[in-house]
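Below, chain A partners chain B and then partners chain C, in two separate complexes.
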Partner chain A sequence: MRAEPKGEQAAAATRALNVMIVGVGGQGVLMISKALALIGQKQGLQVKQSEVHGMAKRGGAVFSHIRFGVEVWSPTIARGEADALIALEWAEGLRWIDYLRPETGVFIADTRRIVPPFACRSRRHGAPMAYARETPAEALEKVGEGFALDATAIATTLGEPRAANTVLLGVLSTSLDMPAADWLAVLDALTPPKSRAINLEAFRAGRAWAEAARDDPTLRFDAGFVPRARPADAPDMSVALVINAAWCKGCDICVKLCPERCLVLDAEQVAFLKAPHACTGCRVCEWLCPDFAIEVRTAVREAAGA
Partner chain B sequence: MNEAVRTNFDIKDYLRLEMMPHFMCPGCGHGIALRCLLWAVHELGVDKNRLAVVSGIGCSGRVGAYIDANTFHTTHGRPLAFATGLKLARPDLTVVVITGDGDCLAIGGNHLIHACRRNLDITCLMLNNEVYGMTGGQVSPTTAIDRLTTTTPHGNAEPTFDACRLADAAGASFVGREVTRQAPALKSVIKAGLAHEGFAFIEVLSDCTEIYGRKNDLGESPEMILAQKSDMRPEAFGNAADEPFRPNRLRAGVLVQRDRPEYGRVYRERAAAERAKAKAKG
Partner chain C sequence: MNRQVRPQPSADVLPLMGNEAIARGAWEAGVRVAAAYPGTPSTEILESLGRYPAADLYAEWSTNEKVALDVAIGAALSGVRAIACMKHVGLNVAADSLMSQSYIGAHGGLVLVVCDDPGIHSSQNEQDTRLFARFAGVPVLEPSDAQEACDFTRLAFQISEDFDTPVIVRSTTRLSHTRSVVRVGARAERPSKGFVDAPGKTVTIPANARRLHPRVIEREAKLAAWLETSPLTRLETGDRTFGIVTGSTAYLYVKEVVPRASILKLGAAWPLPEEALRAFAASVDRLLVVEELEPALETAIRAMGLAAEGKAFFPRAGELSPELVRAGLAAAGLAEAAPAPRSLGIEPMARPPVLCAGCPHTGAYLALRGIDARVAGDIGCYTLAAVEPLRSIDTTVCMGASIGNAVGMAAAGEKKPIVATIGDSTFLHSGIPPLIDAVYNKANVTVVILDNAITAMTGGQDHPGTGRTLRGESAPKVDYESICRAVGVTWIRRVDPYDIGHMYQTLREAIVHKGVSVVISERPCVLDPVKIKGAPLAVAEERCVACQSCMNLGCPALIWSDALYEGRHRVAIDAAACIGCTLCAQVCPTDCIQPMALA
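For the complex of A and B:
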């Protein structure tokens, strides 16, 4: 590593170099892991790579550990020992950030967000999501050296958004002491003919971006980045459930089929809205009530004080 | 029929409020089917005074009585026959028949096949709960095999009728099927059936929780309604000749829609031609 403090230099010469690559299924984590492993081998180093890609095809988390050195024993990287962390997806990068070596670890992340469905905690229109809220500037404060770029946008301008992983590999190439020609040779050999040209181009674009960012630290993150907020035009809806107790026969359908589980049967076996704040006004109870005892009323809430 | 979609559907506008709550058992799917019918009627903008609902006998026969429109509670199995006369005499009305599996397929089976053949502009909603609910839970033509009913205490041995294939084979120009669990989808199928010019047969898979579900250990009404969705599997709607009886896996949605001359129109054209001929003869 270039930014290695002097006292540790002797130890660093013998210990293995640890790189972690994380992302979401389908982004190409394993493809760039393989490229990185081949580049390590090309330098005459021992390489060990291990990966977890269980539910990856369903948008699940994928991570890959790559260790190279003169002699490498364990295939996995311990917490706090990664020299570089490449994140193909923003929240995945933040999730693994404590695996980076404090002070010296290099953090390279795409700011593109892939929001999993379970981050949507409420069905209300414009409701806040349980997705990472850190801005790139905040995230880069937590690491020794950081780069947050919209690699997907760079790859898209080249004509193929899926090449974002190679853009990030190009950024990484400026942090590792390996000749650029070797990286290009490995990519040339690894990628299929159809996507070879775009991958090489994406690698060069990433490398060029990183070289510019090294000279000018203000370029290292997109200052204009704003986490997706509630849309300005999202109406503030108020939901009211009107339960006609005289018609309810206590069949339990609304209680069991409410996606938010906000209804219960009271002592009289009549549907009762236990958690009014959890009700999103989805109308499932209204549709499925065989006795027409539930009516969902929605209205745009007036601004406070209006 | 007015195509304009009106919003703010309030079912109370379409119910005879003095008769509510209705007499159906807790969790009976017929109520959901009734809501979907009224919802479709509302979205199509059909005037209540131009809507005629004809129903037969059974739990399904009582459903029509709660609708604040022109309703006609007829004899067992014969709502289609009454509706045929009504539609021929008053072609300006939107005629909907609400019938059940026993009413439509057993007692009124003959009326169904001829209504399909004739292709008069009627929408027939068959609420299929697989049992004769009102009379105490006897076996019906659509009771699934091996199910327990009061008349099949050791399990039903008769093959199960697939009403949609029957209607298709008899020539219905519109055949649809949907479960009550998917209320908005059911509404869309009913809406398509109402808008279709010709005989529309719609099978609504409903639940009888008190008599059929409890006897067969199918759970309470929420469990039965949740099971509906897992029973529906996308599978080609086969030719009626291949497999006349009902498979376990069903396809929902609009199954058949074909262009055939509507009988009422054909009848009126012929009558007009005859009248002109007689007049010419003088």
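For the complex of A and C:
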């Protein structure tokens, strides 16, 4: 039998409950979205669950909106109106954090980082990684209620890192007023036999972690989170390329293999640094030149006395 | 309206995605033939139809959208209910068939599902199919949720038979990919009506077509009259200071923002019930139109002489949302503006989609990057090679455009070598006619067929080159080399894109060949039909000199290490993501990327 909302809960139930689940393709955003939708349905509520596919398998950002209530119209959640945000990846949680209701929204995030290739684009000396810098402690200050945990680590100790999504679902379950038995029944129905036991265990582990964190706020964020440091003192980045035109035979190897595509052959078929601002001094041309015609001079090496 | 009633979970109430609901509606309507070419966000409709028993319906992946519609037309003319499904740009390909079929009619029942992509989540434009329906003179139904998607699709078949017209059911990404509970029904089997046997109607020679065109115009008027009282046209009476004409998911956003407003919900965006619109306009002080994309309704309503306001307040580009509807109503002075969204000062980094770790396209485009050619691209995952770091595609227009574009570049005297790159599924979709054109007209171009043996972009659908049908039965397999030879290509090489050196060398030979040269890059997709995972590689960190040549692959398994060399980050490999394709090891100048045991 489903639980009937009573008293205050009945009043709150007239407004739809909005949950956002975000992450990176392949993390299981859609699996826990489905679980949430089924749980809402079990309570006899209208449920709308909206997702954007297409790029899901290609490492792009994935997000899913789930709304349940007595009457649900829009399939999407407006900015500032999410009651809960579950993030399966740290930076994705930060990306959507302002979708939470300012005072009351619950932020639940795995502190695990999946760094996109895009974040590692700049090859310059001392270049910082283009990845979110906020720490869990900082993020939790910005939300009504927050939990930042290393869910992947918890799931890994259970033997399946990919069950991190179910750990987070367990954390969420302590914030929503729905019977624990319903959650377990839905997970039981949704997970394949092979991973069923682990998923149920992961759910319980998440629930237990959240209950402990509710009693002791110091547990609410992953203190072991090490922010990515940028190299402390960025060295002098100046680079000079010395090309010995007499030795260059125009074989084109440096032009083809320059990672920044800053070399060309000039009219005399001699290597020429066309885009000096783009040169990072990586030395690939120097190493690969069969005729030792290129020398890369960087301040870093000279300082080191090389 | 019974939305206040809590549905009891029961066997006839299923949580369905919009696309699954469309398939369900078609199945309940007794559809016997279904055909589609995959395209986000429409793909799941046919996949879902393919899961109903083969005894109920025949379903096929067609080589392109026009073929899909032609198959459905043939079935409808033979007396059974038939459906074709495609994304919005697929209708451009199928438009030729639709425009004529509008004259011919439907006989057995013909429904065309077209999924638009407002907001361009995964497409090359956001054209509005409602304008196409008007152009073709056929009705277009616009469901707003999964329940309506099921009900309207079923109804579409009825309309198709009753009015002898193809019917378009228009979905959008938001509807297609939103899951909600649907009260479903049983399938109604319908015996075949037999072949239409009316050549005066089904052969569109000029004499017949001249007679048929006025009937299309009459049919439109009859449909408009029927829509005046049809349940598709629904009046919700509320506050009379303003009234909103709306439909599709825009209706949901309106209900979310102004639940007690007066609304005329149009279940069909063409033709329009003029009397109902006039009566509604007369009943309210101000008339607004809330619609996604083009002002299709607004323009038509204004043409009736009614003072409708719409695009003055609501955007014509992009996807609507409750926020945009609220902002529009606020601008019109009809709703409270939402408080300005707070900013938490967090600058999220970009996370664009990338080619998978081990994607065979990566090797092909890295080699191409070294060629310094003018590259005409096509539609598929490989379009991602247009951005950094591979950055090796100059143009992407639409399905099958690459080879024709390349011929034009050559004809215009472009000085760089000219290469067209096209995936296997796209080549079969619409790449063969332009290849014939290139050979016939002696164009000096290189065509790279990126054969990963699947339709990857849309999630791994079979096609005539995979040797399997929609229902998983084995099928004859297209041989690309034979096709190329048959159309007159003499210079053809097959290469494994995991061998970058070989790929590069082959491309260098190809571009100096006079005439059409074809390079077939052969390597299966790492995701479909089976996920490929080999032993991962690792970086011997002390030997890595942080040149980051491997980072030019854009492989998601390659990340920065915290260790530095001359102030630059060394590289590390995420063993969970790496599939061991060795592309990075091949480009590493210091040979520091090796199997894990050695590194």
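Heads up, the rule we're going with is that the second predicted complex is superposed on the first by the 219 of 306 C-alpha atoms of A that agree within 3 Å, B and C clash if a C-alpha of one lies under 4 Å from a C-alpha of the other, contacts with A are read in each partner's own complex, and residues count from 1 in each chain.
One rule holds in what follows: contacts are C-beta pairs under 8 Å (C-beta built on N, C-alpha and C of every residue); 3 or more make two chains touch, one makes a residue touch a chain.
None of these values were measured; they are calculated from a predicted model.
When the two structures are aligned on the shared chain, A:131 is found in touch with chain C, with no touch to chain B.
Comparing chain C and chain B on the residues of chain A they touch gives the larger count to C. Contact with neither chain B nor chain C is seen for A:212 once the two complexes are overlaid on the shared chain. Once the two complexes are overlaid on the shared chain, A:76 sits against chain C while remaining clear of chain B.
By the touch criterion stated above, A:256 is placed in contact with chain B and with chain C alike. In the superposition on chain A, A:246 makes contact with chain B only, not with chain C. By the touch criterion stated above, A:117 is placed in contact with chain C alone, chain B being left untouched.
Judged by the touch definition given at the top, the superposed model places A:289 against chain B, while chain C stays out of reach. In the superposition on chain A, A:275 makes contact with neither chain B nor chain C. When the two complexes are superposed on chain A, the residues of chain A that touch both chain B and chain C are 256-257, 287-288. The touching residues of chain A, when paired with chain B in their complex, are 246-247, 249-253, 255-257, 287-293, 295. Taken together, the chain C residues at the contact with chain A in this complex read 3-4, 6-9, 15, 40-41, 121-122, 145, 173-175, 177-181, 249, 252-253, 255-256, 259, 321-323, 338-339, 341-344, 346, 348-356, 370, 381, 384, 388-389, 459, 527, 545-549, 551-552, 554-556, 558-560, 562, 564, 566-569, 576, 587, 589-590.
Of all residues in chain B, only 10-12, 15, 20-22, 24-32, 35, 180-181, 183-184, 209, 220-223, 225-226 touch chain A in the complex they form. Chain A meets chain C in the complex at residues 24-25, 34, 37-38, 41-42, 44-55, 57-61, 70-76, 78-80, 91-92, 94-95, 97-98, 102, 115-121, 123-127, 129-132, 134, 142, 161, 228-229, 231, 234-235, 237, 256-257, 259, 280-284, 287-288, 298, 300-301.
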